[in-house]
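By letter and in written order, the chains are A, B, C and D; residue numbering begins at 1 in each of them.
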Amino acid sequence: MIRVTVWNEYLHEINQPEVAAIYPEGIHGCIAEFLGRNEDITVRTATLSMPQNGLPEEVLENTDVLIWWGHMAHDRVEDETVMRVHRHVLSGMGLVALHSAHHSKVMKTLLGTTLNLKWRHGDRERVWCIAPAHPIAKGVPQQFLLPCEEMYGEPFDIPTPDETLFLGWFSGGEVFRSGVTFTRGKGRIFYFQPGHEEYPIYHDENVQRIITNGVRWACISDISRGEIPVENPEPLEG
Amino acid sequence: MIRVTVWNEYLHEINQPEVAAIYPEGIHGCIAEFLGRNEDITVRTATLSMPQNGLPEEVLENTDVLIWWGHMAHDRVEDETVMRVHRHVLSGMGLVALHSAHHSKVMKTLLGTTLNLKWRHGDRERVWCIAPAHPIAKGVPQQFLLPCEEMYGEPFDIPTPDETLFLGWFSGGEVFRSGVTFTRGKGRIFYFQPGHEEYPIYHDENVQRIITNGVRWACISDISRGEIPVENPEPLEG
Amino acid sequence: MIRVTVWNEYLHEINQPEVAAIYPEGIHGCIAEFLGRNEDITVRTATLSMPQNGLPEEVLENTDVLIWWGHMAHDRVEDETVMRVHRHVLSGMGLVALHSAHHSKVMKTLLGTTLNLKWRHGDRERVWCIAPAHPIAKGVPQQFLLPCEEMYGEPFDIPTPDETLFLGWFSGGEVFRSGVTFTRGKGRIFYFQPGHEEYPIYHDENVQRIITNGVRWACISDISRGEIPVENPEPLEG
Amino acid sequence: MIRVTVWNEYLHEINQPEVAAIYPEGIHGCIAEFLGRNEDITVRTATLSMPQNGLPEEVLENTDVLIWWGHMAHDRVEDETVMRVHRHVLSGMGLVALHSAHHSKVMKTLLGTTLNLKWRHGDRERVWCIAPAHPIAKGVPQQFLLPCEEMYGEPFDIPTPDETLFLGWFSGGEVFRSGVTFTRGKGRIFYFQPGHEEYPIYHDENVQRIITNGVRWACISDISRGEIPVENPEPLEG
């Protein structure tokens, strides 16, 4: 059983009726719902306004994969929360970072770059799969259309990804590495670009399949968890 | 002309006569000397005790490649210095991080992992080149011996390197990714493991050649410098 | 159920009594036996002397992962066999290439390099895991000893691997990238160095675990199988 | 001085007046002309119809970087020529493969995959640079327009590139990894997608700059040339 925690800053849905109309249970509620349909996945949710941002030690200790959605309040996530999440990722908790999570403190701390990019509301995207044998691409068509999505464009200031799985084409002329993976410590990280709050992206079945696959890919064996240590051993030889 | 700044915490050489005997001008002085013999390289040095740790804005603005050696005083480097260096690397300043610089705040901030590893004093190392066509390997033999060196051993908690150039073999039974490269933003980073302060590693001609090659590799064109921006452009098409 | 075919040239075991003593059922028999203990794996074997080298079209069509062991008779594998295997790997059949399979026609055709390396009989190896969160490393200790193994040493003429999972330390002073992965077309390839025929390497429980993990990692979903095509489509847009 | 040989099958220019109008000296003549304007580069050309396809041993021995353009006659390149080129690339001769060279025997032999892709004549391309600090991107704008170019689209059946430098956006809705690098043996390979023979792509100044940069990047030091050998050495230790 994969234990997923879906984290959402949960502000757009409260303050913007048009977003609430798309996600009446919040973006986290939508994601929790479609993930929870899988027999091998159990889901809880957490949001910014909860004590310790909903991510105290005991939650992270019991999380195999954390999903992160944040946008307008990255700076309101407590530094202690960021440090806890950072430490747990390095110890093997998976992370699926969605859309504007690119600029979250968690992602900046893990990846070390600005994660800057181009953006523009109200574009049309085609998501192309360029790694058709990858587990995250299982059951995903060669390409699919998101009729209305925010444009995210290159250059995207990320470290060289371990794998580039999806490329985004935008009608305004831009391209983007829309699905990329990283390993940090023992933690497997999947960043997936689609998901602007004003469009029903997380209701799209291909997006749901990719996120579900991403959760399964990011989950490592319990026996592998734990930080990579500093050690001062005796010689093994000689 | 490549403008290099060699940074050293410069404490071992002051406090330990046996280290001063090996590096009477400091580790930075030794590195500056052999780099300065090259007509295409101009060198200055900076140390921990200087104002702003010797790395004020105007120094970094005029540095193409920064070399970093630190060990016992990582936590005494000012956070403002770390942030300045971080920003300049992302904007294209090259970084050659030597030996115990793996645990520096600069490297942790850029790479996002613990950079933990194994260590043990007084081992014997063979450095193997596994990327013989790489510019950093130019003129370097297939392998060379460091008769006395500190063992650094795997697992080494680094992100997947862009390139793995050297592997270290240690007589005690350990192995290490002894030379690896990363790109962060526009900055090219070369980490090279040899260089424990108690052994005359930076007097070794192969080590000198590798560091010199690393400087040339890490230097990018002036016209390419500058942070990757956030932009909100009009559509190019449609 | 993962359908594995274990291919072995099966000559050493017939011609050298000391090898037959270690592998009375052949290396393929030993590997098939320990893989077959897993409920999710079904195994068949094939050898060089069979018609079409034991790998006719119908066998490959029904193989999810092919394991390859060959050494002294690489040139006796028929070119048609090599082409069939090559085509099936590109279409998504996994490949686990063991030890001296590095110089097989199948590996040379897939990877495009010489796969040259250093070698010497009768060394002692420590296999270090440098990617502890990888599925192939599941349940594998940080390092383990092979008291007697053939040395394979760098430089190893392979393309940049997708992932480097294991490094080998040899008592004679050499190092090696002992476990590496590649993707070619839709096929996932795992090369693992241990396995000289004169030593009981495939009876080692860590080696068995790694090969078993490798089989699971290399198996892709049936719905993903098939060659990446040439297409001349109408525009999707505009 | 970098010694470049520009190879062209040179058939379109002879048989199609509209192509001859764009490239009166052949595509090879155009490329040789703009490369030859650089003081550090000396150029010769070779074409399919010459003895040994213009690439006998003595030409390759004196070539630092080979540029390859072929399209309609891949199968008319002699197998001996392919083997010679393959061997020289593995020994350190650089290779810049342009446009439809993706399907050449040289590229298939070096990379091991089908190199299949999508294609369609008469599209519009924007080439985006996603690695702005790379030597091949020196002086290249963030993006540039090719008003008329053949669409090449994903999925592109290539091995994981060492580096992805350029992404192509096509008005018909496709994307492509338009500039990628590989290392094979000691040879550095740069594949660059633009260059359909019916459009004046090689007269574009950005394309010329990228190819010129690619030549400089692909050229390795003479002292590094030579095949990676098989060796059976005595132990260095113990």
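Please note the rule applied: contacts are C-beta pairs under 8 Å (C-beta built on N, C-alpha and C of every residue); 3 or more make two chains touch, one makes a residue touch a chain.
These numbers come from a predicted model, not from an experiment.
Student: Report which of A-D and A-B is connected by more C-beta pairs in contact.
Tutor: By number of C-beta pairs in contact, A-B is the larger.
Student: Which option, A-C, B-C or C-D, should count as the same interface as B-D once over half of the contact pairs match?
Tutor: Answer for B-D: the repeating interface is A-C.
Student: Which whole number of Å gives the spacing of the CA centres of chain A and chain D?
Tutor: A distance of 37 Å separates the two centres.
Student: If you average the Cα atoms of chain A and of chain B to get two centres, how far apart are those centres in Å?
Tutor: Centre separation, chain A to chain B: 32 Å.
Student: Which residues does chain C have that touch at least 2 chains other than itself?
Tutor: 126, 132, 143, 155, 160, 162-163, 171, 173-174, 183, 185, 228, 236-237 - these are the residues of chain C that touch more than one other chain.
Student: Can you check the complex and tell me which residues of chain D touch chain B?
Tutor: Chain D residues touching chain B: 92, 126, 131-133, 135, 137-139, 143, 162-163, 171, 183, 185-188, 220-221, 223-224, 228, 236-237.
Student: Hey, which residues of chain D end up touching chain A in the complex?
Tutor: Counting only chain D, the residues touching chain A are 126, 128-130, 132, 142-143, 154-156, 160, 163-164, 167-170, 173-175, 177.
Student: Could you please specify the touching residues of chain A with respect to chain B in the complex?
Tutor: 86, 90, 109-114, 116-120, 123, 153, 155, 157, 159-160, 162, 171-174, 182-185, 227-238
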